[in-house]
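Both complexes below contain chain A, partnered by chain B and then by chain C.
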Partner chain A sequence: MLRRLTAIAGAVFLDAIKRKVVYAVLFFAVILAFSAPSLPSYGAGVDVGVYREVALSLTFAAALVLALALSANRIPSEVERRTVYNVIAKPVSRWEYVVGTWIGIAVVMAAVIAAFTAVDQLVGLVRYGDPMWRLWQGALAIWLETGVLTAFAVAVSALSGAVVVTVATLTFAFIGHARQPVLASAPGFPAWLYPSLDSFNIINPVAHGAGVGVTYVAVMALVFAGWVVALLTLGSLGFARRDL
Partner chain B sequence: MSENEQGTQGAAISVTGARKVYKVFPQTLRVAVDDVSISVPQGAIHGLLGPNGAGKTTTLKMLLGLVRPTAGTFSVFGVDSRSRAGRAHLGFLPEQPYFPPQLSAAQAMRLYARLSGVPEREIATRTGELLEQVGLEGQQRTLLAAFSRGMLQRLGIAQAILSRPSVVILDEPASGLDPLGQRDVRNLMLKLRDEGATVLLSSHQLSEVEAVCDRVSIMSRGCVAAEGAISDLLSVAGRTTMRASGLPGGLPAALAPLAADAVSFDGVWIFSVDDGAVRRAVDAVDDAGGSVLHVEPKRETLEDYFTRMLSRDDGKVA
Partner chain C sequence: MTERSYTRYAPALVVLALAVVLGGQAVADRVAPQAPNGALTGQSLGRAGFAYLTGLRQFGAAYLWNRLEPQMHEYYGGAGLGKMSFMLPSIKAIVTLDPQFVEGYYVAPEILIESGQRPGVTPAVAAERLKAGLDLAKEGVVNNPKSGVLLASYAELLLTRAKDATAALPYAERGMSPDVVWRTDEEKWDSYAVLRAIFTKNGLPARAAEAQAVMDAISADPNATKNAVDTDE
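And then the complex of A and B:
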């Protein structure tokens, strides 16, 4: 099983890193990272914090765009071009195909977010003389969140086309970050039913505080694992019933 | 035990009562395949023929687990062919195969080898052997985006037989290939059969099917319209074809009333007679000083048979 999962993930990774969109997003993210310190004149003592906030926000935005670009059309295009036949006709379970696809995209996202963060760190070091190691905590949270969003996109794409996947994933991301105001306006709604991605939003403590503790990181990892397992299970069940 | 049940005992491929109904929006039902049964013994090359939309590819897809059947059972060597264990016996070439364009030929073969369970230490050797066998030697590092239609077809064939499957399913294997490539595919199928593999071939190329297949199933409108050994299907009951030479004056008077479809080429006469008139026809040739070169049961071409079969209104034949 592991061999088949790594084979599929490896093929997705190799295919993804040769796509221009990865380098285009990286290029513009680097330009933005270099131009962030030249944004408005921050007040004394807060400029480093603002830089960290801008850097993490840009990383999240770029990662979200890339996650959608890589995951929304992956399975639909494989089905449409029939490249999926060469995989599914082999002794491969459909869930292995869905999970392997997600793993491949998650690995690409890890590499890209690490590259973003390294550039952010380099610019911070050169401009402010601060290595900003806490940025890696924010990077981990961003990777975990994009992992959940990618799992959602892969699950939906197992049943639908790229446009539906993109709209659904953006809606999911928006709703996931609007938990507090929505629940406040609907007092009777059971909170545990509401999908929340807020636990991954640690930009503020990382940018302006001391970051988050190990326990919180463990909670984020648990939430991530729960979401990913649930979404990929649903996606695999849907894909297993699909005529190719 | 019915004849069909007897036929499926020990079969390499067995499809029984296959049916697929698609729900077309909003509430229409479309029957793509209806009660199709096919049994292929081990070591045979079985042809699946039919016009576009006859249900050939849907039947193959159900056999491979790519499409969920509405009804029917599908097995290879007694194992459900739709299960992972069943698919371990199978190699499949889809019609007009396509591959991830950003991978090289070697990367694609490595992917499919790992998915098929080829041992890691054998992958490089097997890839080299197969790419050479299908005429893609020296292309290991070429990106598939740069492959021509024919090259993709050849790669598709290579990946289908990568794990030395005991059953190979080929959907239009000669599609996109030049005549030389088509000949190579025919030879490859015969080689696979000689090595003990079973081949299920779906094709529009009747000459290809006639050249390599032991038996055929002809599908029309989702049903099996005819099935049998090619020699049986094509033989014309009650007629015999004869070839004779040494008849410069034309067919002798005693033979002319017996012969039909007579043609002459390079001094050789070819004609057909009723089975009961063969002795008299031979005597007539002898009496006229000619020589009988060949006598065999009359056969029509697969193309003629296929055309005649599909032109029938009901589309169903025993």
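And then the complex of A and C:
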């Protein structure tokens, strides 16, 4: 099973890194990172904190765009071009195909987010003389959240086309971060019952505070695992029942 | 795992995984570190986007203002500020696009408050507009803490419109600080006259004399800079 998952993930990874969109997003994100220290809103006396916040926001935005670009059309295009038959004709379960696809995209996202964080660090070091190692905590949280969003996109893409996947994933991301305003209109509703993505929001502790501890990182990983298992299971179920 | 057994256990797996999500986020809420400036992801993204779009925002604000200013000076030039309330949505858009657009914050509160003094406006509405005008003027000071003209303008509104000399005093004091920026000496002279009045009203003759001394120095300076003459008028 592991060999099959690795083979599918490897194929997705190799296919993804050949796509221009990866380098285009990375290129523009790097330009924006280099221009961040010259943004005019920096005159508030918290330049370093604001830079870290902007750098993490930028990483998240770039990662979201890339995650959508890589995952929205992966399965639909394979189905449309009928190349999916080459895979499922072999002794490969459909859930292995779905999970393998997600793993491949998640590995690409890890590489891109790591590259981008390294650039953020470089800019921080050159401009502020601070290597900003804490940014890696933020990078990990962003990768975990993009992993969940990718799992959602892959799950929906097992049933639907790219446009629906994109809209649904953006809606999921929006709802996932709308817990605070939604619960404000429903006082008394337990916050933990609202399935959200806020657990991955550590931009503020990383940018303006002392970061997060090991316990919090472990909790984030647990929430990530729960989301990914639930979403990929649902996606695999849908794909298994789909008449190809 | 076969396809069939997978399908059989999948619902239980989903329920278990979602339970992990809910339990995990309950723990996360408890152990989440408190940081200052506690913005959500969307707010952080918004702030970053707002900063990156600075050039476009400032261009948009300047474009709107350039369309508005001729109407203010030419068409409605002699009509009084109270009749210019039609400009408020545009001015609000300008200061939203560019919170450092001083002229917008300078003019809009006066228009709002003046419009409440027009015939037929009930005292309740006038009070609402006074409050909205003061809030907008304060927003201008918060967004432009070194702008002398906005500090003096807000202090003057508090003194003359809200009749609250005590509330005006901190802004008058701030206006006297050396790091406050004045675009011209004439603007500084006019504003210091306001500050002097606030100090006098608060029983601070020494501070009023200090303001007067600065005004005298400007009056005596042959090279004192003047406000730009408005060629539209």
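Descriptive notes on the structure:
Please note the rule applied: the second predicted complex is superposed on the first by the 233 of 244 C-alpha atoms of A that agree within 3 Å, B and C clash if a C-alpha of one lies under 4 Å from a C-alpha of the other, contacts with A are read in each partner's own complex, and residues count from 1 in each chain.
One rule holds in what follows: a residue touches a chain if its C-beta (ideal position, glycine included) is under 8 Å from a C-beta of that chain, and two chains touch if they have at least 3 such contacts.
Just so you know, these numbers come straight off a predicted model, no measurement behind them.
Partners chain B and chain C, once the complexes are superposed on chain A, both fit on it without clashing.
In the superposed model, A:D15 makes contact with chain B only, not with chain C. When both complexes are overlaid on chain A, the residue A:G238 reaches neither chain B nor chain C. Vertex at the C-alpha centre of chain A, arms toward the centres of chain B and chain C: the angle is 140 degrees, rounded to a multiple of 10.
In the superposition on chain A, A:V223 contacts chain C only, with no contact to chain B.
Of the two partner chains placed around the shared chain by superposition, chain B is the only one that A:N86 touches, whereas chain C remains out of contact. In the superposed pair of complexes, A:R4 makes contact with chain B only, with no contact to chain C. Touching more residues of chain A than its counterpart among chain B and chain C is C.
When the two structures are aligned on the shared chain, A:G161 is found in touch with neither chain B nor chain C. Closest contact between chain B and chain C, by C-alpha atoms in the overlaid model: 7 Å. Comparing the two interfaces of chain A, the one with chain B and the one with chain C have residues 93 in common. Taken in their complex, chain B has these residues touching chain A: 22, 61, 64-68, 84-85, 87-88, 90, 92, 94, 96-100, 102-103, 107, 110-112, 114-117, 156, 159. Within the complex formed with chain C, the residues of chain A that make contact are 1, 32, 35, 39-41, 49, 53-54, 56-58, 60-61, 93-95, 174, 177, 180, 191-193, 195-205, 207-213, 215-216, 219-220, 222-223, 225-230, 233-234, 236-237, 240. Note for the complex: chain A touches chain B at residues 3-4, 6-8, 10-11, 14-15, 18-19, 81-83, 85-93, 241, 243-244. Listing the residues of chain C that touch chain A in their complex gives 1-3, 6-7, 10, 13-14, 16-29, 31-42, 44-45, 47-52, 54.
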